[in-house]
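Common to both upcoming complexes is subunit A, partnered first by subunit B, then by subunit C.
== the complex of A and B ==
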């Protein structure tokens, strides 16, 4: 299928917006840097700003982009999988599984003596294990009952159980530990090293390539299960793969950036309203671009440029994301899947 | 040729919905299947399309057992137009038609000549760039039929294709299907509740009841016989 000029133009605008927001994101931060100092800092290694820009701000902007892409893609695929407009990366319980892992490490370290592991490795490790454990349980359930609605309910159940265990851990932990966990749960785009960025990028690329390779079968999914089956799509296999790829991506994201709300839910909706197409390839590109734009913008707001304070990214994505979703619902008078 | 010898058709083994269904469907012929509501027409069709596994017996397509086909091979042999489920609103008509390419690899996509034959035959040219949600039920019915035909299979199963169509559209679609069967040597099996369809001599009437699938000869009193069978069931 040929890509129409209107789509090309839209993507160009989005890419332009992404570049502008990326630069803004790198330029603005808690320490004010003037434009001349900024450009000097970019190239001159002896400048004090060099370190701020290269070690803090650029990785932070890159991680925002990757978080946006990963969550956007995961949300998009989940909504196709469940044929449900309220699906997002958290519905399978993978995010909460990650939180449970982090809670076990942070809150339970006194109880289980994990103290010997440095939090920098411990939190991502436990969070990934938590996500993987929930993912494994979901796959076990899916092998037995191949029904998306049951899967959705199972995900919600796992979320509730994880949430309850987190509450229990929180109830018995010290104020200091609790504070640490609450801060983790605010989400963060900060302090990602090259290795973490690489893993994040890898999971996004894998998810994107998987969806791109299966673009046609995914379009058949949009036309309904029966249609997909009559067209010879191996529905069960594709569902299984969607669970694996989105589960892993969300697991990695949660491990490094904490649970970030609303992005996965709202981004596919924005993309659908703008593109109004069933073409999955186009939607993959737009979901990735809009996801990055959204998180970059939220991150700029969260930094509160020029001030020593910063807001939790998780709160900002919700505060900005929810009204956008509400606007779409009011405008279209219904949730469109 | 599709041969069926179904001893039992069921959702739950203890309560079969139909028993003793034997029939043979050959290329170049069109089969109209009549039957009362809930008698199992759709379930029979789903079984033929490999979407319903609850049956005891044998189904073969050109001598090969249905379950031996891979899903992709089956989709190249047999197309199935089912009754609507809700559809994603942002499909444009031409995008929906392109779904028919899915069973095929990139290189052997749909023959353009056949594509324009179907689109013209069903009078869809002016709708190609519209969204599905903007179409009427009848227009959507034609788009679904076109997608099914564009799958380029020898065997085509249509579940109530004339539903939602007005008198003129219904007769046109019926003639188009008859022409397709004759000219392109296809085998079409369709279910309907309409008795006023125009029949040709390669057309066959079958009546599905809970105990058998009865073929009726095209004679003067076949309509009365059909009604008798339906009422007795």
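== the complex of A and C ==
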């Protein structure tokens, strides 16, 4: 793989930007910590700020990075799978499946007696099960009808059914439960414990390694089934693998962070517009870096530094993402896919 | 499955036969259980008082235990110790403000989620003077501020969300206490949680005597209401998007109506969550009800009548007997959700005043307000 100087420079800028944004994200929070206190808090375990920095801010920044990478990669792979620029992690219905799982737990607790499970474990567990169930159903359908269009329609159908069941559960739910589900559905880069961060990182790494290992087949796949088959790519196998890896990544992300919108759609586009290459390996690195940068930046805004209030990350990702993409498209004067 | 249902129904029926009045406060083997509330108990072991919180949200089997320690040197005796009396606390609910006010403990309240929901003038003044801080959304309280400002305990009302934030708080030595008063189904059970606050503020005797007086008045006024021959038919709830939401069977609002000797039309309808009724059904069953309570956010009858063509035909609307619970002590919040939780006696008195105005001639409504024409 030959990397142009311009790409190397771009990656360096992105890495530098990531470091700066990571530091900014960790430095800014609801309470003001001076630079001197901040550095003391980094190393001095007896300082109150130590706990705030290490237990609150760093895990939050790390989860933002991982959410950005995961959603960016998932969106990128989905756009390749369907050869459709409008595809994103939502298309397969896995996110809605995760939402359905969470809704069954939060809204259906009274109906199904799930009260014995603490929400700390119940929400991620049910959300993962929901995502996996939808993923399994999609795979069953795909095994029978190996057609991307059918897959797309199946995903939309599962999304619709899940959405309808969620509406029914919400309709019969109490105000308190409804409130909890609504807050969950806003998505969150909230604090995650080491175990959750590990699972998130693992799913991102697996997805990245899969895509990196299959970079050439993925490039061939983008050129169409016939071309890919001519080049010796097992089209069905690669499609199946994309579904598995993307589904699992999105399932884990939805379980811990809720359904975060727009990132999976906008990040691959930003990456293509600024990288201007269809080289999948370069795109993977770029998507991961831009995804991290994007969610970190959105998280800084959503945190509203200095204020006790915070904004739902879902709203911020859309509000910030759309103008950025529009700006890039206008500047480059064409839409690259 | 049917036989299980039958057994559960029989158990519920039998347990339902024990009214709170029949129960006795049990002080056995240093264990103390409340008379009405089901969500907490106290026990004493090795000279230390423990607060046990049980099932803080409906259906949960989650429990918490806190050792309440008054001497610094004893703090290491228990893993989940709280130093009492609390001098700096924060909360996610306005109803906790009501409890603290009764115990004169607003001084020690340092932060609250959604300050705009607080009705108390005193608390609003303190918010303006930066003595009480905004804590953000109740599901995402400002953990950083609580840690850096040495908050000694966080009273949480939510149903277990945001456990990661709470884990961090606990790691920083800020216990998160689930106050489950809202899931109690008897108005006096909700008020009885004042005993938990009393213990935490080291004002147990004061809390006990306040509750005793509340209980005495509540029961006495309820008895008085029940001496009346008639029981006015009432409806409750509000219309939203064509669906009427009303209190369900066995809810605490229904208990209020029953104790105020009001005949709640839908008292026997069973449902999960709140009742959701079709407007045609509402009209068919409730057109002759003379009083409409808890009519949502409207301050006057005009906009209410525009919600549905059948609403102006309701007898309660025609008689101009529609009441909401939007009263406040300041320009913000709702008193019913704040003081009304800890003072069910006063809520009951309001309801009796509405249904049986001849009983308390000089009583001014505190929580309910009649909608203007």
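Throughout what follows, the second predicted complex is superposed on the first by the 325 of 337 C-alpha atoms of A that agree within 3 Å, B and C clash if a C-alpha of one lies under 4 Å from a C-alpha of the other, contacts with A are read in each partner's own complex, and residues count from 1 in each chain.
What we mean here is this: a residue touches a chain if its C-beta (ideal position, glycine included) is under 8 Å from a C-beta of that chain, and two chains touch if they have at least 3 such contacts.
Small disclaimer: the values here were computed from a predicted structure and weren't measured.
**Q** I'd like to know which partner A:177 touches here: subunit B for first, subunit C for second, both or neither.
**A** A:177 sits against subunit C, while subunit B stays out of touch.
**Q** For the three-chain arrangement built by superposition, which of subunit B and subunit C touches the greater number of subunit A residues?
**A** If we count touched residues of subunit A for both partners, the winner is C.
**Q** For A:34, using the defined touch cut-off, is the partner it touches subunit B, subunit C, both, or neither? Pick first, second, both or neither.
**A** Neither partner.
**Q** Looking at the overlay, what does A:167 touch: subunit B (first), subunit C (second), both, or neither?
**A** So A:167 meets neither subunit B nor subunit C here.
**Q** Taking the two structures together, which residues of subunit A meet both subunit B and subunit C?
**A** Correct list for subunit A: none, the interfaces share no residue.
**Q** Within the complex, which stretch of subunit A touches subunit C?
**A** So the residues of subunit A in touch with subunit C come to 29-31, 48-49, 51-52, 55-57, 109-111, 113-116, 118-120, 171-177, 179-180, 183-184, 188, 190-193, 196, 307-310.
**Q** Within their complex, state which residues of subunit C touch subunit A.
**A** So the residues of subunit C in touch with subunit A come to 55, 57-62, 111, 133-137, 139-145, 147-148, 158-165, 167-168, 171-172, 182, 272-274, 276.
**Q** Quick one: which bits of subunit A touch subunit B in the complex? Just the residue numbers, please.
**A** Per the stated touch rule, the residues are 1, 216-217, 219-220, 222-227, 229-234, 272, 275-279, 336-337.
**Q** Report the residues of subunit B in contact with subunit A in the complex, numbered from low to high.
**A** By the definition above, subunit B touches subunit A via 49-51, 70-76, 79-80, 82, 85-92, 95-96, 98-103, 131, 151.
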